[in-house]
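Heads up, the thing below is written out as structure tokens.
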Amino acid sequence: MNDMAISERLLPLQLNDVSFRHRNQTLLQDINLQLGVSGRTVLLGPNGAGKSLLMRLCHGLLDPTSGTVRWALDNRSWADIRQRQAMVFQRPVLLRRSALANIRHALALHGVKRSERNTLAMAALDRFGLASLSARPARVLSGGEQQRLALARAWALQPEILFLDEPTSALDPAAVKAVEDAVAAFQALGTRIVMSTHDMGQARRMADDVVFLLRGRVHEHAPASTFFESPQTPEAAAFIRGELIW
Amino acid sequence: MITRCFAMALTVLALALPVQAQEQFITLASTTSTEQSGLFGHIIPKFRDATGIDVRVVAVGTGQAFAIARAGDADILMVHDTVGEKKFVSEGYGSERRDVMYNDFVIIGPSDDPAGIAEAESAAEAMTLIADAEAAFTSRGDDSGTHRAELRLWEGAGVSTEGSWYRELGSGMGPTLNTAAGMNAYVVSDRATWLNFSNRQDLKILFQGDDVLFNQYGSVLINPERHPELKHDLAEQWHEWLLSDEGQSAISEHTIDGQQLFFPNAN
Amino acid sequence: MSGSGSFEQALNLIFSFDPALMEIIALSLRVSLTAVVIAAVLALPVGAAIALFRFPGRGALVTVLNALMGLPPVVAGLMVYLLLSRAGPLGSLGLLFTPTAMVVAQTLLVFPIVAALSRQVVEDLWEEYREQLQSLGCNRLRAIPTLLWDARFSLITGVLAGFGRASAEVGAVLIVGGNIDGVTRMMTTAIALETSKGNLPLALGLGMVLLLLVAIINAAAYQMGESAKRRLG
């Protein structure tokens, strides 16, 4: 990471009274949440609870209708704050060019010098076992390879925080394992992890703390062990048991 | 890849830059009938050989040719509307107008001649016969020299062209002949275009030779005071060459199927 | 009637590589391809910008752009004529009745086609890419080249449509070029001329040559696009 990133940290992230409305529907409300400087936060909740929306609000892809989303480095420019984050989507959007060129493109957007891009991009591909596929068009890679490429792209950007929106929901078990290993590697590097999942086993394996969302509100926010062993609300307990709740 | 595309674009652009011919040239506004008769193709090379000046012909209807010349978009004018040409000079757009050559108009129609104009004594009578028979007639209708001449013929005959038999096309001579051939209609044409026209189908010349069918061409110099930026020196060389013995004989040498198309009459 | 003879004449002209005909073909390609390149260079980013940015009057602009796809060539020619005429604002350049004037007129005809298609394609692609690109810190301006490059296969179709329009039109080049023999005579104006001389078979023969040329260029672009698409997914 560059000097600036070391001198001052982006995190923690503080959300105060955040709500989000779209077409007269309140999709998120009364969100008060702090994400600390390290660890892995897993967002849980039924479909439509607002997990993806919350992550997009944190990442800055959406603006809250009311309330504030504030990083510790709030005095920095939008571009600077954005450059310290990365997000991996459920279905990665890859450009119609080679795997290597996809990462080079992201590096270019982050202002990395042209002469350095290739080396950094190759290193990222190599880190995720994609070196042999570097010249392959990204769009013809398998689903698992595409997701690994998306992770490698995020890796090359050396983010302080990585958002993952159900990154494994479309993958086979082997690819799921690869993604989870990748997330662990990010964490080992000191990257803050925020991910959503529907896979309760994955949540148990990966979460340091859990944010349980229900109907657009934070229903519970607790350390993973506390959440899974002794949920505070009947709805959370029912959700953990795998009973559908809305 | 991007650089290669860019290089390709540049190459194409370079290719497209106007090939600025080293040779001198003038732009001549003239009529479709002269261009299509092949006259210019015959005489311009002779002029070029003599002077090193090329002549670029923009062939349009006489009305448009006047407009182009008035705007200063041509260096010199050659059309066949003596009245209009004299007006052009008197209004100050032109500085000099000279007779160059003539050919004649002919009245063309279906070979079975339903109006019976082949027997007419005069052009006026032929026009009257067509109107009386209400036989299909196609008119240029484009304010060209030929159109103006045709209108004078109707006027001279004193007959009205009201009626569905009279079709005003708003087209050049060639398209009008194509339409006449398709409709088997009567039409007034200059002889040169007719001789050079291939798609005759059932049409033939039915009436010719009346003095009123005389078609005078004139060369008009553009007024340098109005358009000082034009190539007046070169244009004048062309003008003088047309009127010279050399130019006049070049005009008379142009034939199609052994028939002379234009008759020089500079004085 | 010498109908079949004239048609043979057309074929002879083509297969004997008649210098005058080759010159006409070369000029047609040069003018139309240049117009298409210039129009594409201008229209692709403009279309993309209209797709990505929201501003007052955007809807009206899109409507105008779509309507201009139907701009009659004669009108485009007339506009350029009035612009380049000695009596017009750019008259001093002396460009009227030159190939450059024809390029300008055809650029005017091709621009709306490429811009309107570029807007549509980029707008659709932006829908798909927006979150990912914004996540990578890509603003809308910076997204333009990325989206254009990724939409290149769809955009080729639009550029080819523009080329088709340019190479087929006669109205604009006739007015601003003047159909001067050896200087501004193109395939389409030559066809119009031969038609008005009643030389229909030769006109048709020239028309078929034009069609063949356009078909070859389209086929080449299509093949290139398809093979690249297969490779890049």
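Per-chain numbering from 1; labels A, B and C assigned in written order.
As a convention for this text, a contact is a pair of C-beta atoms (placed from the backbone, for glycine too) under 8 Å apart; a residue touches a chain by one contact, two chains touch by 3 or more.
Here the structure is a predicted model, which is why all the values come from computation and not from measurement.
A.B. asks: What clusters of chains are still held together by touching when subunit A is ignored?
C.D. replies: Take away subunit A: still one piece.
A.B. asks: Whose C-alpha centre lies nearest the centre of all protein C-alpha atoms?
C.D. replies: Taking the mean of C-alpha atoms per chain, the most central one is C.
A.B. asks: Of all the other chains, whose mean CA position lies farthest from subunit B?
C.D. replies: Most remote chain from subunit B, centroid-wise, comes out as A.
A.B. asks: If you tally the C-beta contacts, which comes out ahead, B-C or A-C?
C.D. replies: Looking at B-C and A-C side by side, B-C shows more C-beta contacts.
A.B. asks: Determine the centre-to-centre distance between subunit A and subunit B, using the mean Cα coordinates as centres, and give it in whole Å.
C.D. replies: 77
A.B. asks: How big is the gap, in whole Å, between where the Cα atoms of subunit B centre and where those of subunit C centre?
C.D. replies: About 32 Å separates the centre of subunit B from that of subunit C.
A.B. asks: Indicate the whole-number Å distance between the mean C-alpha point of subunit A and the mean C-alpha point of subunit C.
C.D. replies: 46
A.B. asks: Find every residue in subunit B that makes contact with two or more other chains and list them.
C.D. replies: none
A.B. asks: Show the residues in subunit C shared as contacts by 2 or more other chains, in ascending order.
C.D. replies: In subunit C, the residues touching two or more other chains are 149.
A.B. asks: Where on subunit B is subunit C touching in the complex?
C.D. replies: By the definition above, subunit B touches subunit C via 2, 9, 12-13, 15-19, 27, 32, 36, 40-41, 56-60, 70-73, 172-175, 177-178, 181, 196-200, 227, 229-230.
A.B. asks: Can you list the residues on subunit A that touch subunit C in the complex?
C.D. replies: 56, 59-61, 79, 82-83, 85-87, 89, 92-93, 95-97, 105-106, 109-110, 137-140, 153, 157
A.B. asks: Can you tell me which positions in subunit C touch subunit B when the two form their complex?
C.D. replies: For this pair, the touching residues of subunit C are 2, 6, 30-31, 33-34, 37-38, 41, 85-88, 91-92, 96-100, 103, 149, 178-181, 183, 193, 195-200.
A.B. asks: Using the touch rule from the top, collect the residues of subunit C that touch subunit A in their complex.
C.D. replies: Touching subunit A from subunit C are residues 128-129, 131-139, 142, 146, 149-150, 152-153, 231-233.
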